[in-house]
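For clarity, chains are labelled A, B, C and D in written order, and residue numbers in each chain start from 1.
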Amino acid sequence: MSTHTIVLGVIGADCHAVGNKILEAFFTRAGYRVVNLGVMVSQDEFIDAAIETGAAAILVSSLYGHGEIDCAGLRDRCLERGLDRILLYVGGNLVVGKADLAATREKFLAMGYDRVFPPSVELDEVAVLLRQDLAAKDEGR
Amino acid sequence: MDFENKRIPDERFDALRPEVLGAWPTGREVDFDEGVAFHHALPEDKRFPVALDRADAERRVLLQPRAGVALLEEHIALLQLLAQEADVLPTTIDAYTRQNRYEEAQKGIDKSRQAGHSLLNGFPAVNHGLGACREIIERVPKPVQVRHGTPDARLLAELTLAAGFTSYEGGGISYNIPYTKKVPLQKSIEDWQYVDRLVGRYEAAGVRINREPFGPLSGTLVPPFMSHAIAIIEGLLALEQGVRSLTLGYGQAGNLMQDVAAIHSLRQLARQWFEAEGYGDYQLSTVFHQWMGGFPENESKAFAVITWGGAVAALAGATKVIVKTPHEASGIPTGEANLQGVMATSQITSMLVDQQASLVALVQPEIERIKREVNTVLRAVKTAGEGDWAKGAVRAFAAGILDVPFAPSVHNKGKLLPVRDNEGAIRLFDFGAVPLDMDTRAFHAAKVKERAIAEGREPCFQMVIDDIYSISKGRLVGRPR
Amino acid sequence: MDFENKRIPDERFDALRPEVLGAWPTGREVDFDEGVAFHHALPEDKRFPVALDRADAERRVLLQPRAGVALLEEHIALLQLLAQEADVLPTTIDAYTRQNRYEEAQKGIDKSRQAGHSLLNGFPAVNHGLGACREIIERVPKPVQVRHGTPDARLLAELTLAAGFTSYEGGGISYNIPYTKKVPLQKSIEDWQYVDRLVGRYEAAGVRINREPFGPLSGTLVPPFMSHAIAIIEGLLALEQGVRSLTLGYGQAGNLMQDVAAIHSLRQLARQWFEAEGYGDYQLSTVFHQWMGGFPENESKAFAVITWGGAVAALAGATKVIVKTPHEASGIPTGEANLQGVMATSQITSMLVDQQASLVALVQPEIERIKREVNTVLRAVKTAGEGDWAKGAVRAFAAGILDVPFAPSVHNKGKLLPVRDNEGAIRLFDFGAVPLDMDTRAFHAAKVKERAIAEGREPCFQMVIDDIYSISKGRLVGRPR
Amino acid sequence: MSTHTIVLGVIGADCHAVGNKILEAFFTRAGYRVVNLGVMVSQDEFIDAAIETGAAAILVSSLYGHGEIDCAGLRDRCLERGLDRILLYVGGNLVVGKADLAATREKFLAMGYDRVFPPSVELDEVAVLLRQDLAAKDEGR
């Protein structure tokens, strides 16, 4: 079984560090090679790191409410820069305000993210999905 | 000029100013003397320092929410709504402005106009400019404070203080370490010396402006002694620049005794250290932050967390309490949700404010412990700085003498690991490089051990993770399930 | 037969039974042996005494709401909803049934069917009959208790216990004095001796049923010593009839120290008096009622009152807490509002349950005070009864030795007047005929005086009125405005 | 100035005594001759007392939720028994549940009550209204 590399980070001007540290600990323990960019990561920094490390997925966090602005265009930028098969996950308090989950999910799926998670998500469930999605990707290869 | 804890000379301040004001076009609107005149004409009940003094005299706890939206009219309407029940008001600044990213803030304003609702997590005061800020002061009936998280907050301060804001949150450490990734500590401390000097100049012009270092830091399992040490250093830095009204802050830990002891010890330690360092003639108050870590998503459960925070603020006798909302776990609250948090807090603080005296005797040992820890750390900081607090702060962070758990800054060691003890008080699991004495270490270790035995597991990082989630999952101590 | 605190002989009980069961047609459905068999087959997690024992062993606080509506399906759905968060459940009986006005209850059922919603303030169990009550037990996954306020609760007990309810609230004093106007105390005590004997018979048949005297009485400024004295007398009366699982209750006063001391002293006093009177081998637990007086109308403020009640229940280490709802001031809560109260309470009790030990030392003086008061009063009751607690209770009320503030019964003197002291603890303004010793009187007077001085007014009846309104108006101590 | 007599009581099987005691204290201090029947008062007891004492108003309380059932028909019963000019006030938690105030008011006005009060009413305001209503009645005499 190949060890996948995944890139983690908190996008934009967002400084929320706690969830990010937990994601790092969790996915490391789950057997991934984790490249954690920490907080305040720009779209290009995510892409640079993914290219450099041959990552299979980027897990974007946005907690502070500007996700709608910061996350837009990441998929296009990936394609532009030749990352045409990368998984994009996004999670956190993605928009400003207590929003309808389904509407937020639609919004971010439309932006090109493969999966969209609320802050209350159980990480074990994410791990299952990530395993499945990566396997499907590997098969499709 | 040397980096040190010395009052910025007037010439130097005046030399810096054009650059500060030139960072964004609205900076040109600032006129210090006009600002001073406006302040002099402000009625008493719009002045933050007055409200703080009165609250302490009357033994009341002031209630303050957080609030800020992208557009001016909506922002004023929001504050007017909150003024129904809150005693003092905020203007919470958006996260782009906090990073001096005014172009992005502008995009946020424009998109918010299009969307018909705020897409920003705060009020972009710099972009809106002086006139807009002035309107806030004019149309909101109570004192208003700038609340943010800005490492370089010089332009924001120039604009908002000239506009008539009477309190300004932040500090060179507390608005760097928890809020940024790469900003050097020396840079943020220098920039905050500028802000404090500006406040000192208002003071000299007869205008008292309150300053409030940000107590809770990362908001997540910060042991009281660490936030106290940093608050006192920021207090010393501010006093040196001429600030005369200080509110030191503390974020609720969750254990009743520790929290009450924290507020008492904070006041006592501040007085001691300020006096020892030669500062007198200032006004000191405290602010207690309702639980700053992850909240439960369920609104009823959030009400419980909010109320408990209000209860402890009142029992501890804090001057002010910063109020959370039932939307906390989900997103920026609506005005209504925000008001609900204030109302719940209002009920509980006024129900309990007469019971302050009851716990003092009980918390004495915890007060002594916190004092001992803070004194040890502050002495080490002073030594590291060869007597200078500014240098000491920078070197202490580099050495891990000061260390904030879960902070994002690369200039923070991140070796100190907190964990709750069996009663939920925050103790230390890993001391990192913080120079605590052996007795203190033994005490922490014993407390952690006690919990480990109760839970039938070794002290471990999973315990810390469990504690991070615990309140959002309806517990205080993150017990294994 | 004489009126006295003696176990009802079997012949007498059997002779009374036909009349009791004949009071309403559904009484015919009762079959004691079938009921016993049903109880024996009940799973552990539907048994109230088991839940209470486990909670005390695990140091958890059980959460129990109040709930009852006119129609069976709606009632079961309501309990199933609440079972999501509550540990033990109620069936709250409507006020007509409480007065044995079954015709009016029937009208209420019929009108509720027509209206499509409940027009009754509880579940009319007697009218619905045994089959319906059995369905509640069968379809609700947790232990269920009958909660009411019925001076003559014999038929209700026969029906609901045979149906499988495993706990029964009330007592000959606590369901008379606060709940009725003219029912003679001797009559209600006799009728409750019947209920307790019935429970004793189940016990003898190997079926443990929990009994809970109603602690809060009028719910309004009741000093702890008075409700404790009455709870202990009702406990003694119940033990004599063969009851073996007792939960003694107390309604929150609002002052942290007094409330924590009240729960501790209640446990200690009960053990002492039960032992002194020769009873052993029983199971004792406590129940803390969140604030039972007037609530604030605003729901956020109600959440604060609810949470504070939960906090104190946890800090005091009560076995169970009775939960209020954000609708309290307005009307019978919807299921959702009821659940909200339970969720807020769940959050705060589980956050604080590990901090129980912290306050014990501090509340010791208040514990001693309450004990001294209770002991004085109980000795006087025993003397009045010439050694008999049943006679003693009746005579003590007639003499004003026992006296419940603000109770509606004409058999209650109503001379005892409580008032809050300067920290919000309930003290005495007028001792009425309660035989407290001089030192105790001096203490109360001094505490009241202290408040009066702080408020710049003489102790007066207006103070008492202000205290009645205070929590609903957002304070604890009813200060002059 | 004539001293009016008013009758107070809590109707039906309702035992809530605290508000009733406060109403007694308040209206006594306000200068009325107060006949307080306490809790658990039947319609006929109210009427008997009003006839006996020549009362100008009956202030009915209902807190426990059965007000809708207990209070219906009191006006008719008053008329039947010859009380054709008496003021009827009612107040408290009049229906079961947290209800819309306006709807409750309509319901009880339709039953023939002159004024309907929620539990949160300020008693000083009630006193003003009562004074006005009694004055109007005296003039009409």
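Operating definition for what follows: a residue touches a chain if its C-beta (ideal position, glycine included) is under 8 Å from a C-beta of that chain, and two chains touch if they have at least 3 such contacts.
Here the structure is a predicted model, which is why all the values come from computation and not from measurement.
*Asks:* Which contact partners do chain A and chain B have in common?
*Replies:* Chains touching both chain A and chain B: none.
*Asks:* Between chain C and chain D, what's the gap in Å when you average each chain's C-alpha atoms?
*Replies:* A distance of 31 Å separates the two centres.
*Asks:* At what distance in angstrom does the C-alpha mean of chain C lie from that of chain A?
*Replies:* Those two chain centres are 54 Å apart.
*Asks:* With chain centres taken as the means of their Cα atoms, state the distance from chain B to chain C in Å.
*Replies:* Computed from C-alpha means, the inter-chain centre distance equals 45 Å.
*Asks:* With chain centres taken as the means of their Cα atoms, state the distance from chain A to chain D in Å.
*Replies:* 66
*Asks:* Which parts of chain D, given as residue numbers and ranges, touch two or more other chains?
*Replies:* none
*Asks:* Based on which chains are in contact, what kind of graph results: line, ring, star, complete or other?
*Replies:* If you draw each chain as a dot and join those that touch, you get an open line.
*Asks:* Please list each pair of chains that are touching.
*Replies:* Those chain pairs satisfying the definition are A-B, B-C, C-D.
*Asks:* Taking the touch rule as given, give the residues of chain C at its contact with chain D in the complex, in rising order.
*Replies:* Interface residues on the chain C side: 95-96, 98-99, 101, 104, 107-108, 111, 117-121, 149, 178-182, 218, 220, 293-294, 297, 327, 329-334, 337, 406-408, 410, 461, 465, 468.
*Asks:* Please name which positions on chain A make contact with chain B in the complex.
*Replies:* Residues 12-18, 20-22, 25, 38-40, 64-66, 68-69, 93, 95-99, 119-120 of chain A touch chain B in their complex.
*Asks:* In the complex of these two chains, what residues of chain C are touching chain B?
*Replies:* Result: residues 254-257, 296, 298-301, 303-305, 307-308, 310-311, 315, 339-341, 343-348, 350-352, 354-355, 357-359, 361-362, 422-424, 471, 474-477 of chain C touch chain B.
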